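Input: structures, listed below.
Next, two complexes with subunit A in common: one pairs it with subunit B, the other with subunit C.
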Partner chain A sequence: MDIDDILAEVDAQSIPQETKDLQELTRAWIAERVAPELLKWPSALMDRVLERIRQQIESVEEQTGNLDPKANFTLIIIQTELERFKFLIRSFLRARLSKIDAHAAHYAARATSTPSLLSSSETQYLRSHTALLSAHYAASFLGTFPASLRGLEDSTGGVRMVDGPDEDGAVFVRALRDVGSVGVEGTERRFEVRRGDVWVVRWSAVRGWVEMGDMEVI
Partner chain B sequence: MYGEVANKLVQHAKRTQSLAHLPPYQTEMVRAITREVRDLDKDVATILEPFAGSFDPSTEPATACALLVNHLCMRRNKRCLLAYHRVRSDKLEEMCWNGIDVLERQQQPQSKAGEGGGLGADGNSSSLSPEEEEYVRQYSDLLAAYKGQWTDIDLTGSLEPPKDLFIDVRVLKDAGEIQTEYGAITLTKNSQFYVRQGDVERLIAQGYLQRLS
Partner chain C sequence: MALPLPPGLTPPEVAFLCEMELVTVIPRQRLEGLALLGGPIAALNPPHRTSLPLWLALLLKRQRRANILPPPWLSPHSLTAILDHETENEEGFSPPPRLPPQPSNNTLPISPPFLPSSTAEAAPDALPYHWLELGEMLLGAASDDFEDPDNVRKLLRGLREVRMAKLRKGVDVLDAGGGVQMNGVGGMEVSEGRAFIGGVVDGLRKIAASREQQRRDKEREERENGYPGTGDYEDDEMDMQ
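Coming up: the complex of A and B.
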């Protein structure tokens, strides 16, 4: 343990939970928008943030009748903050949904092996949406096809019909801790990553560290 | 035969991607392609008939080749159809998210024709197939159900980061009276207001209000 780690620990303790949540939410939002594949659903964080939003909305409603200019001003600040939080969450959820929609079959298969990937409402959405789509295809044309061709997953000819996200897409990452040596699969390249470094790498090479919180995508 | 119509359909889908509105559903082409698939399937069955299940590709390379081409064409046609329908349903979903009432536009295409991103701009009575209409209806329900779980956050709201709590808006069409925390406002045409963004977001999306910067 060197001096940086000790400092980081002291810092982390003095920051209130609310600020940390905002930082975490912002980080999750950026990561979700940048990473080529769907990330894990941060259920604890979302529960905390949503609870706080609910409280704030309540307090805003309580104070609305207050005509005191000072209270009015704080109210405006709270409301602005609320709108920003809402935007973060909205954008975060929409980013997730668009990924789920783009590779529905892929994530449906993955969600069964890693249940923490999707929230329960997302799982529900994914299921009903896939059901809807296949019903739509069946009604539009697949129903009149020969029986052997009606499936939506068909790997004859060597090409799978279920498409996954491009896990080798490049992302910008910043190291939050000293990570050590990182290697890119399929190439000879290895490099040292220290705290504060910024790299452009394939997502598949750094995914593990981003999920653990040792790196952040930017 | 052999994927020609499917190719046209895919080109159509490609064009659809860059259009603001949804062009009419190509019922004829879709039908022609499914017919082609069925014919090809029948061909395969006829070719295989004399062999009675004991077909050996190495002894009959010519027949094997014909079979392969038929099979590939069927699969290709299927992919083209899937792609076409996916492009269209994606577009329909996008409209659902943007709060455009697709079905209403379908019933009265003339009245709202030509408005940003809308349907029926070419005056066509219906550019959706009955299956698509059903799909839109069910997808809207699904969307409403998903949104219902996030009551505090309006999911279909603006995806631009909010800068100001209050904004200037001009009223383009009479929208009647709305309730805000600061009392009721009557929105009459051509008037201008300084209001909370969250209160009027829906109205801006529906084209009743215009945001002034």
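Coming up: the complex of A and C.
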């Protein structure tokens, strides 16, 4: 460890928690917008950010009565930033919803094995979404089928009926740490990934590193 | 409700991201410190320089409350040098700015747009991740803070064309497994190239997948019929190379 490392460490510690949360939220938003499948719900981060947003809205409401032109301008800045945060959160949630909508049955199965995948409202949404859909299918056509043909999760014949996201889709990733050798399953490709490198690679090959925070999708 | 967009950031979203980059401003008015959601902002005291996120700097600039100091790489001199480098080296983009020292394992590694790569202290010899967006936005809102805005605009246009040509030429090296290195690529370039590059890699993968499947089926059939592989199998091997 040389002097630069020590300085970097001190720097990293001096970054306020708010700024770290913004960085983390931004990264989570990009990951959710880019990755082909749903990622884990960052519950601690979202709790902190949503609580801060709630407080900020309250303070804006208190200050709105103030007619001093100088206070007015700081209010504009605060509100502009508030809108930026709201956009981030909204876009993040909507990106997650669209993935849940697209592969509801797949995520319903996965959410039972990994409970941290969805937030509680997302679980609720997924449940009512599936309930509505299956009620609709049953009423419109499934009810007229013989009972043995009504299953929607049949996997006989080697083809699963439940459709999942394309886990092998190509993504752009940036390495945040040296991760060493990365191999692509099913092919003979292997390559060395060092910190700062940008690669185009299958999502399934780098998923583990992205989840651990050693790589980020861009 | 759900987002109707395909995966990948759209250009307005990349611009939104770029607005989080820190830039150096010279305030023209006092402003008290603010407790913002993304961390506190220090009080503005003219004529002391401070680093602010681009969105705030642009807001202050539009109201003529501050001037923006363009980053050193956004000068005609630096851009000319980088453009020369890009035209001379046909392989790959010009190298990105040097990374800060690696943080220890328990801290969150910082990456663009939060690296200070566009402040007045940034490296003058490398294009950061958000070079194109940042350059365009600064030229649009603060062209009077540049010494020679027209020349900068011209050089940015030149850089963009050279680099887009490289991005398109890079298609030759794409294959089914992916694994293509693209160091130094910019945010807007990723956004523009994603549909094409991702589409090619995914398409090649699907073609190879059906062939792999075919080969597996054939092998199984041959095993069941009890006679060894025919010439067709070798032909397939040749095609793969």
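The definition used in the following text is that the second predicted complex is superposed on the first by the 209 of 218 C-alpha atoms of A that agree within 3 Å, B and C clash if a C-alpha of one lies under 4 Å from a C-alpha of the other, contacts with A are read in each partner's own complex, and residues count from 1 in each chain.
Going forward, a contact is a pair of C-beta atoms (placed from the backbone, for glycine too) under 8 Å apart; a residue touches a chain by one contact, two chains touch by 3 or more.
Just so we're clear, the structure is a prediction, and the values are computed from it rather than from any experiment.
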item: Larger contact residue set on subunit A - subunit B or subunit C; value: C
item: Touched partner set for A:210, first subunit B, second subunit C, both or neither; value: neither
item: Which of subunit B and subunit C A:129 touches, first, second, both or neither; value: first
item: Which superposed partner A:84 touches (first subunit B, second subunit C, both, neither); value: both
item: First, second, both or neither for A:94, with subunit B first and subunit C second; value: both
item: First (subunit B), second (subunit C), both or neither touched by A:118; value: neither
item: Which of subunit B and subunit C A:140 touches, first, second, both or neither; value: first
item: Touched partner set for A:57, first subunit B, second subunit C, both or neither; value: first
item: First (subunit B), second (subunit C), both or neither touched by A:20; value: second
item: Touching partner for A:149 - first (subunit B), second (subunit C), both, neither; value: first
item: Residues on subunit A lying within both footprints (that of subunit B and that of subunit C); value: 53, 76, 80, 84, 87, 91, 94, 101
item: Sites on subunit A touched by subunit C in the complex; value: 4-5, 7-9, 12-13, 15-16, 18-20, 22-24, 26-27, 30, 33-36, 49, 52-53, 56, 73-74, 76-78, 80-82, 84-85, 87, 91, 94-95, 97-98, 100-101, 166, 168-172, 174, 176-177, 182, 184, 186-189, 191, 195-202, 205, 213, 216, 218
item: Subunit A partner contacts - residues on subunit C that touch it in the complex; value: 1-5, 7-9, 13, 16-17, 19-20, 31-32, 34, 36-40, 55-56, 59, 63, 96, 99-104, 107-111, 113-114, 174-185, 187, 190, 194, 197-198, 201-202, 205, 212
item: Subunit A partner contacts - residues on subunit B that touch it in the complex; value: 30, 33-34, 37-38, 41, 71-72, 74-75, 78-79, 81-82, 85-86, 89-90, 93, 129, 131-132, 134-135, 138-139, 142, 145-146, 149-150, 152-155, 157-159, 161-162, 164-165, 181, 196-198
item: Residue numbers on subunit A that touch subunit B, as the complex places them; value: 50, 53-54, 57, 64, 76, 79-80, 83-84, 86-87, 89-91, 93-94, 101, 121, 124-125, 128-129, 132-133, 136-137, 139-142, 144-146, 149, 152, 154, 156-157, 161
